[in-house]
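There are two complexes below, and they share chain A, which is joined by chain B in the first and by chain C in the second.
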Partner chain A sequence: MILVIFLSLLPQSRQSLLIGILLGGLYAMMALGLSLILGVLKIVNLAYGETLILGAYVSYYSTQLWGLSSLVSLILVVPILFVFGVFIHRAMLTKILAAGGEPLILLFGLALALQNLMMFLWTPDARSIPSPLTTTIHVEDAAISLMRVVTFIISVLTVMLIRFVMSQTRFGLMVRAAAQNKDAAELVGINTTRVYTLLFGIGCALTGFSAVFTGILFPFNPVSGLAIFLKSLAVVTLAGMGSIGGLVISGLVIGIVESLGGYLIGGGFKDLFTYGLLLIIIIVKPTGFFGRY
Partner chain B sequence: MLEINNLEVCYGDTQILYNISLRVNEGEIVALLGSNGSGKTTLAKTIAGLVKPRAGNITLNGSRIDKLPPHKIVEKGLSLVPEGRMVFPHLSVLENLLAGATVTLKRKGNFRVLLDYVFEVFPVLRERQYQLARTLSGGEQQMLAIGRALMCNPKILILDEPSLGLAPIVVQAVFRTLKKINEDGLTILLIEQNAFEALRMSNRAYVMETGKIVGEGTPNQLFSNELLRKAYFGLREGGI
Partner chain C sequence: MPYLLHFMIMLFIYIVMALSWNLISGYCGQIALSHAAFFGIGAYTFALTLVADTHPLIGLILGGITASFFALIISPSLRLGKAYFAAITLLLAEVMRTVMINWRASGGASGLVLEPFPGHTLTNSYLGALLLMTSTLVATYIIVNSRIGLGFICIRENEYAAAAIGIPVLLYKVIAFCVSGFIAGVAGSYYASYILYIEPYSAFSFSWLGSAAFSCLIGGVGSLIGSIIGASIYLLVSEMFLGFGAFSTLIIGILIIVVVLFFPRGVVGALEKLVKRTFLSSQTK
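And now, the complex of A and B:
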């Protein structure tokens, strides 16, 4: 904490701090899909990172092949991933769960399958989705790309929107009820299977949404999924299961820690700080800081 | 209204219910008594659709419900207040009732009327409507569970051990309320270990032991049956 404050006073590190904050917003949105699926279906979606990368590729190729602007590609990516999610749940997960099998193995296999499929289709070369905004704004002596700022704003708005849907709509109520007690939800007339399927689809759709922004800001290749998954997992763990608002704070913390850590020791070791923090959290408060269950 | 014929239910290879047949007629309060392990909760879950029978059938007003998923059975007018209450702990009282009204809202039914009725029957729920369900006392949670089950405007209400864990004075209050709800027109199947209180308010009763029905009749008939007196009512020869 003291370190953060100290560093934020140094002009040289201010750029890192700012970037950390802006990225933190993206991390929060990135972790949304994982958090929803984990909190409601109580399943860790091991194929989460690959799903996101898949969305990034869809966006990338829609810009290359059809000349779409990357923001327009959202209109394509989000529904495609929604359908993808519904399909995975309906056609595969429900069958495994009904047979008493282990969904994690299915998802792990799916992750590998997707990775290899993407490598086969699109080669392991790194790609980057073209950014629709190229201006850089200057805050004192820090230079920040406008895209990062826009991404941050959109991310926070998205998380707030999902939070609103979960707490204020009838669908959100059904989801929360089904998450807290599946049998009781069935007993009041909630079709829990359909709720779960829709939620899985929505989780994947949100992933697709974040994928476009992630793909704009970071170059990616078929195996980038793991890093994405681990980072999202860190955000979700710090926030705690069941907390959506907490994701923003958690994302910011991780973003700042990572960025400042990278500033202190060198960019290549950024992940050390992120995963070090994750480790500490698991040891000290495994249920996260804002979690409810 | 509710008819169960020759029901056989198993959990995996273990058979729990053997040839269960019973009926509940419209307007009645029927009690189902039995000690721990007699299979009462399994029967409740099977009727509500959470467990599927190996053989036999269950019909509600003539149509079969034993093959339907639980949420469809609720739509047909059968509502279960499960053992242990199972309120949604992190939802408020009002949200619990809203959730209970899922079927009502889907059908554009009269949510407001049902809510007012529940608050009239259980005034404490109106007082605590914004509180989280897990902060309520046992008795209040039981009332919430019953209120929630009423929100789908059922034709028949099944309660699995509503007196479990409640102080006797609370049990009496809950049972009094159930009697009133029945007088207002709701058919009730009351599954209980607490034989006295349950029999006091029912028209008829069945007795279960290790998965089978071993007795049936009116409360008076059951009270005068020697075997049952000793086994379930803990009474010695002679007086009540």
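And now, the complex of A and C:
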């Protein structure tokens, strides 16, 4: 904490700090899908990173092959990933859960298959989705790309929107009921299977939404999925299961820690700070700080 | 003939990996996804000790010890339930990969080439691998048929019941995980001692984990013979697709999904069921 305050006073690290804050917003949105799936379905989606990268690739190729603007590709990516999520849940997860088995290996197999499918189809070369905004704005002596700021705003708005939907709408109510007590929810007439499937689909759709922005800001390749999964898991774990608003705060924390860590140690190792934080949180306070259940 | 020996050596290494994974994930029920990391840790430990002019046998054992040390470090996550444990094991895998790619001392992304040590011939490698596999098989057999092994199975079936009858659940889980890590580390060390070249992408490749998981799933989790059969099937399948490119790992991933969905007791288990149903039709199930 003291370190953070100290570093934020240094002019050289202020750029890193600012970038960390802006990225933190994206991380919160990135973690949204994982949080929903974990909180409601109680499944850690091991294939989450690969799902996100898949969305990024769909967006990338829609910009390359059909010349779509990256923002327009959102219209393509989100529904595709929604259908993908619904399919995965209906075809695979419901079977496993009905048989009382362990979805983990299934998800691992899925992650392995997706990762290598993408590697096979689209080569391990790094890709980057072209950014629709290229201006850079200057805040004091730091230079930030406008895209990062816009991404931050969109991310926070998205998280807030989902939180609103979950807490204020009828659908959100059904989802929370199904999450808290499956049998009781069914007793009052909620079709939990359909709710779960829809939620999984929505989780994947949100993943696709954030995938476009992630793909714009970061170069990605088929192997990037695992790092993204772990980072999102760190955000979700820090925030606590079931907490959506907390995602923003924990996203910011992770973003700042990662950025300042990268400033201290050097780019290649900056993910290690996030992983270390995840490990510490798991050991010290696995229920997170804002957890609801 | 040399190709056959190479094939057998790889088969033995795969069998050892499958047995190691089976210990923690098959018998004990805690799905661990870090065995690729253990393998790589073993490989790199061996390589670095060889560079430092130590005897290769010491390198082998040291590889196992280092891997089980890392297993020990992340073993607190065994408290948290299978999902988080699986995620943390993935974390170990990713951390190892990141560090090894960026670390100069271990050769960075281009890896290390090792000098062949005296006595390194194809035949000796084969005999060594055979010895490795046999001793691992014997050791695993002893473990799973011991009281601890029974405890593992109890933990897998119902953790709370196991704790209720006095089994020290966390301790047993940690033991299973660390022993499993040791075996996988030794496998990785042996691989390095045979191939004499390591680099981060292949040493930490998920295919080492995928092959182990696939072998155990095909053979039926919790069956030692099944792991051997499974590893053989895996090797045949991957040789069919000519080596370990992305396409063959893709097939493995798809097969894992198929096996989990349709053959929960493994192909061996499914065959058992089929035989029972055909010949013992008076009994249901």
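Everything that follows uses one rule, which is that the second predicted complex is superposed on the first by the 293 of 293 C-alpha atoms of A that agree within 3 Å, B and C clash if a C-alpha of one lies under 4 Å from a C-alpha of the other, contacts with A are read in each partner's own complex, and residues count from 1 in each chain.
In this section, a contact is a pair of C-beta atoms (placed from the backbone, for glycine too) under 8 Å apart; a residue touches a chain by one contact, two chains touch by 3 or more.
Keep in mind that this is a model prediction, so the values were computed, not measured.
Peer 1: Scan A:V72 for contacts with chain B and chain C and give back first, second, both or neither.
Peer 2: neither
Peer 1: Looking at the overlay, does A:V149 come into contact with chain B only (first), chain C only (second), both, or neither?
Peer 2: A:V149 contacts neither chain B nor chain C.
Peer 1: Pick one for A:L173: touches chain B only (first), chain C only (second), both, or neither.
Peer 2: first
Peer 1: In the superposed arrangement, does A:I21 touch chain B (first), chain C (second), both or neither?
Peer 2: The answer is neither, since A:I21 touches no partner chain.
Peer 1: Quick one: classify A:V165 as touching chain B (first), chain C (second), both or neither.
Peer 2: Touch status of A:V165: no partner.
Peer 1: A:A185 in the overlay: touching chain B, chain C, both, or neither? Say first, second, both or neither.
Peer 2: So A:A185 only meets chain B here.
Peer 1: With both structures superposed, pick whichever of chain B and chain C touches the larger number of chain A residues.
Peer 2: The partner with more contacted residues on chain A is C.
Peer 1: Under the touch definition given earlier, write down the residues of chain C that touch chain A in their complex.
Peer 2: Its residues touching chain A are 31, 33, 74, 76-77, 80, 82-84, 86-88, 90-91, 93-95, 98-99, 101-102, 206, 210, 213, 217, 245-247, 249-250, 252-257, 260-261, 264.
Peer 1: Of all residues in chain A, which touch chain C in the complex?
Peer 2: Interface residues on the chain A side: 43-44, 46, 92, 95-96, 99, 101-102, 104-106, 108-117, 119-120, 124, 226-227, 229-230, 233, 237, 268-269, 271-272, 275, 278-279, 282-283, 286.
Peer 1: Which residues of chain B touch chain A once you look at their complex with the stated criterion?
Peer 2: Residue list for chain B touching chain A: 48-50, 69-71, 74-75, 79-80, 82, 86-91, 95, 98-103, 105-106, 148-149, 151-152.
Peer 1: So in the complex, which bits of chain A are touching chain B?
Peer 2: 170, 173-174, 176-177, 180-181, 183-192, 242, 292-293
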